[in-house]
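Chains here go by letter, A, B, C and D, matching the order in which they are written, and residues are numbered from 1 within each.
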Amino acid sequence: MSHEIDLSKYEIRTDLAIESIEENENIEGIKSVVEKVGDIKITNVVVDKKGSSVINKKIGMYITIEFDDVTDKDNKEKVIEVFSFYFNRMLRELNLTDNKSCMIIGLGNSSSTPDALGPLVVEDIVVTKHLFELGCVGKGFRNVCAINPGVMGKTGIETSNMVKSIVESEKPDFLIVVDALASKSLDRVNKTIQMSDAGINPGSGIGNNRKEISKEVLGIPVIAIGVPTVVDAVTIVSDTINFMHKHYSYMKKNINNPVNRLIPLSSINYLKEKIEIEENDKTKLLGYIGSLNDKEIRALIYEVLSPIGYNMIVTPKEVDFVMKKLSEIISKGINKTLHESMNNT
Amino acid sequence: MSHEIDLSKYEIRTDLAIESIEENENIEGIKSVVEKVGDIKITNVVVDKKGSSVINKKIGMYITIEFDDVTDKDNKEKVIEVFSFYFNRMLRELNLTDNKSCMIIGLGNSSSTPDALGPLVVEDIVVTKHLFELGCVGKGFRNVCAINPGVMGKTGIETSNMVKSIVESEKPDFLIVVDALASKSLDRVNKTIQMSDAGINPGSGIGNNRKEISKEVLGIPVIAIGVPTVVDAVTIVSDTINFMHKHYSYMKKNINNPVNRLIPLSSINYLKEKIEIEENDKTKLLGYIGSLNDKEIRALIYEVLSPIGYNMIVTPKEVDFVMKKLSEIISKGINKTLHESMNNT
Amino acid sequence: MSHEIDLSKYEIRTDLAIESIEENENIEGIKSVVEKVGDIKITNVVVDKKGSSVINKKIGMYITIEFDDVTDKDNKEKVIEVFSFYFNRMLRELNLTDNKSCMIIGLGNSSSTPDALGPLVVEDIVVTKHLFELGCVGKGFRNVCAINPGVMGKTGIETSNMVKSIVESEKPDFLIVVDALASKSLDRVNKTIQMSDAGINPGSGIGNNRKEISKEVLGIPVIAIGVPTVVDAVTIVSDTINFMHKHYSYMKKNINNPVNRLIPLSSINYLKEKIEIEENDKTKLLGYIGSLNDKEIRALIYEVLSPIGYNMIVTPKEVDFVMKKLSEIISKGINKTLHESMNNT
Amino acid sequence: MSHEIDLSKYEIRTDLAIESIEENENIEGIKSVVEKVGDIKITNVVVDKKGSSVINKKIGMYITIEFDDVTDKDNKEKVIEVFSFYFNRMLRELNLTDNKSCMIIGLGNSSSTPDALGPLVVEDIVVTKHLFELGCVGKGFRNVCAINPGVMGKTGIETSNMVKSIVESEKPDFLIVVDALASKSLDRVNKTIQMSDAGINPGSGIGNNRKEISKEVLGIPVIAIGVPTVVDAVTIVSDTINFMHKHYSYMKKNINNPVNRLIPLSSINYLKEKIEIEENDKTKLLGYIGSLNDKEIRALIYEVLSPIGYNMIVTPKEVDFVMKKLSEIISKGINKTLHESMNNT
């Protein structure tokens, strides 16, 4: 049946560079450095021209911050700290000093909770451009403006066009674009922030290709900040099949080891570890499916679910609470970094 | 004391042409025709160059629709009908035929209930521009797009500039601008819709002068649709003083007329009628204040309330419910008029 | 490995009677009749004492209405009609004539979109109890009151206790309880309304067992109305595995049939049909997993996903729009049925 | 005309004890002590049986906190501190020690911004009752539950009845009731918090008399916390007439004093001071109106505005922002005071 699967048909939905590289170690043209701050994991990926063609991601820096629970207040504060630190570093590397003016764009639909990250962040940005024009801004503030352009289904206007015309008239020195993304991994949903200088395709993650918002198009640096807030059913199923392989291999090796009987099952995090799985085990557990590689499995699931309309794109049921916390993290992080005088609040 | 009152200090807050003309009958350069549809009163005012300089309103057509209760469903439907009829007539007079594309701008702050009329209306506009560009629009639909530019305090950007740059890039044939207004009459608040081809000054009614959005500035026809949603304390007090005059005169004349004793007080609408008040009565009732004309009274009240921060701008406490109904009337009226195929829904 | 799977550990999450019976045909003590109105499918299930113990559902009537798209206006109206018809029939069967007073309870958390169905419905219920007490209600209206008790996490109070004390003081003749449910089938999410006279366990579907709201507890008839708005990852995966079996069997049989090559894949709805799958095919396709039955597969997936926190409960990303439409259907349907005079609006 | 004015017709709308006593100094049965914390003024009023009959306020303690701007962050924090201090003192005086359980009731309509104070406060209360029942509460937390019963127009149920039945079943040791109030003074709107142990009449301030929620009715202490968020037109007009008297007297005395010509008008706060006004001045300025006392003026204005529907109840146009800040102050203040362990957050 393998020959029937057309891999090109199912393009994997991901906006995260980290997901594009994770299965391919040592790709030429891609540098990846992982750092840790407490429980928070930061992955710095630099994609050059060569790497760009391999993983189909644009040339640029991609910083991914992975964390666990942001409903906990202390943890939230830590994530804000880490976000500010790396965001500040990116500004410095792009030479966007305090005197450079900034426009922030909140992409997405404010009426749709899982898509409202951009509008929610913009709501809490400290804007100063109008005060700069009146000449009444205190020290330690940058020239900042912010807009929510809305979504094409509600405005009738191509979002990137609207952004382009406002950029041309307001002439900011650089752009920050905030958007909700799609993930191809169940465990990154609402637990990852990516920032990148490679621009963004509004709605690309969720299958509506809009025109690009990037330095090439606009002529000024564009920093894209995104959080994966949705996954599709294909991802959930293929991730689970993967976990089942690991579970099976792990159980097989350890089942007769009496030590394991003393460990509560829930404390075993083997599913997050790299586990060598014998090809033989895979087919034993999952037959023909077990003989396919990840891309083939995804393509097959897509082929099964798509025609009957079941490749639903879903979001965790706690979406309302999580969006609030995530938008707070990003807006506070942006305010702190852009406005020096807000660094201590 | 009269000599101390500087009338220029207190510019009367009104966005309604009807309020600019109501005390001055037969002004040269202003034509005014009143029509009635059931309980609904429509005033058509045309201001030419001469009239414009007299009443400080821009040259153009001003249609004012006055109605009572829009929480009643039947009444609401009637107001939608009347609105559509006059809006359609204005489009025809401006030669804005079905093939002319339209952009709708919702001015105001979506987070502030009395200022959210524009954003609420835009939320329910049927947009089609993106479908026209794909070539997939059925018959009976006009090319329509719609945006909420936000307010300067939240974007940092001069709203009229933002509108100008989007108009230049999207090139609509005409503009509709929807905004909440200020009234200088207590009884018009939330009970009046004004439409005009004379453009608009965002926030002018509530004391924040922004740059104009008009044909002169943008080069295309601009139809402004507004509802007064707020009044200031000065208006409430001066209206009441006026009512007291009328009340006093009426009572004096009728108090000994035994017929009146049979009429319940609440059914007497003499306060809405024109009543000749003797100058003598005025000073008897209100002393020095009674000797002042309307403008002088307003200026005096302003002089008293303003320095102590009590010239509050207020809105009726039912504002949330009323904004819903009013935005529904305007969005339905616009949709029906712009899209021929929606005329029967 | 089969012996390791503890089926009792993973109790299947479903609030729908229809899902409890669908794999077991001809269960003693359960009568099931299917009707069709256009595209809308209505399943009437009656569970008696015997049936109750088999499927672990309480004794009572369960009417399930399945439909497709409620974003389409015509379709929405049809669903309202069907809902009213069957709801009215249930009232008559329970002898809840127009003179019987009704209290409506909206369960769920108004701040969490997928859980807000109950609060949204209550928001639009036409209440009359206070008018009855004043003696000023027109003909054709029933005595109706409605409350949103909130959720325990926000009130600190056991919801069923709060309902019980209000019922005891207000003494309605019967109760209607509206709640968001969990489904164990991907394709029922947001596309099914269940009504039943068997009462409800608030939050039971999503794993938080609260005390029951039922005739047994309250002493008056309780009609529960629910819509499944969430599924867990286990359901998504096990449904997909099932679909894969069907897909495989169907393809094997038809792959060499040249006729099929002319049919676009998307028009084939074989996955919704009952397809006989050979046991042999199952293991060929899915190895060991293929040899398990549905319950065992679910239990295994649960065992894999649960310890690592990946058995997420999810909702389709369009949840905001769908909740609006569904609550409109149910509130209109309830208003029409309870108040005779609203039948023609 | 004076003899025509029926004072009883126009009952002054105020929920604030401070407003009932302010014009009557040294009333027997009323003790009033004023304290200052920076710009914040705190008035402690104790009404005994004798005083109660004079000012038509129930026996009890009334603490009123008056402040200026709560949009300023520092100022907001100070008001929270002061609120907590006096709230804590009231708890101690009522002997409501940490082991006493508390139920918080948010009165008002969550869909109407100026009436949403109660629901907004309850939204942010830290509830613990359900955790106490599970035996899993850390040290420093009190047993607290909280509900929003809704308004009669939306539930059909008399609010006080609903509260009574929940109190009887949940058996808290005392009640806190939070509500939006009406003021009879323009300058107290949104700038005053009153707390009292005298209970509350839901909606009494805005003219809808509901049944009382008080210790007499419920058998447990009831602390009412309220903020005036609305005023009626009568208040605005009569306050302004008062200001005009003061303005006139002040100007007359000072107009020829050259020193005053150097003081900017806006810095003169004479309108807030007690100014002796000669009776003669009053009638000179305001004729017959000037000869009336405050109550008579109010009654007259009411007689004029009421029949034509112009005694509108209004709220400042910034109501959305102010409600957010005020509810934050009260919820934080309550949380800090009830839960000892939250005192340092």
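The rule is simple: a contact is a pair of C-beta atoms (placed from the backbone, for glycine too) under 8 Å apart; a residue touches a chain by one contact, two chains touch by 3 or more.
Because the structure is a prediction, the values reported are computed rather than measured.
Counting only chains that touch, the fewest steps needed to get from chain A to chain C is 1. In whole angstrom, the spacing between the mean C-alpha positions of chain A and chain D is 48. Each of the following residues of chain D touches two or more other chains: 111. Here, these are the chain pairs in contact: A-B, A-C, B-D, C-D. The residues of chain C lying in touch with chain D in their complex are 111, 123, 127-131, 133, 144-150, 152-158, 161-162, 164-166, 168-170.
Touching chain D in their complex are the following residues of chain B: 1, 4, 111-115, 186-187, 189, 206, 230, 233, 236-237, 239-241, 243-244, 247-248, 251, 265-266, 268-269, 271-272, 283-290, 300-301, 303-308, 310, 312-321.
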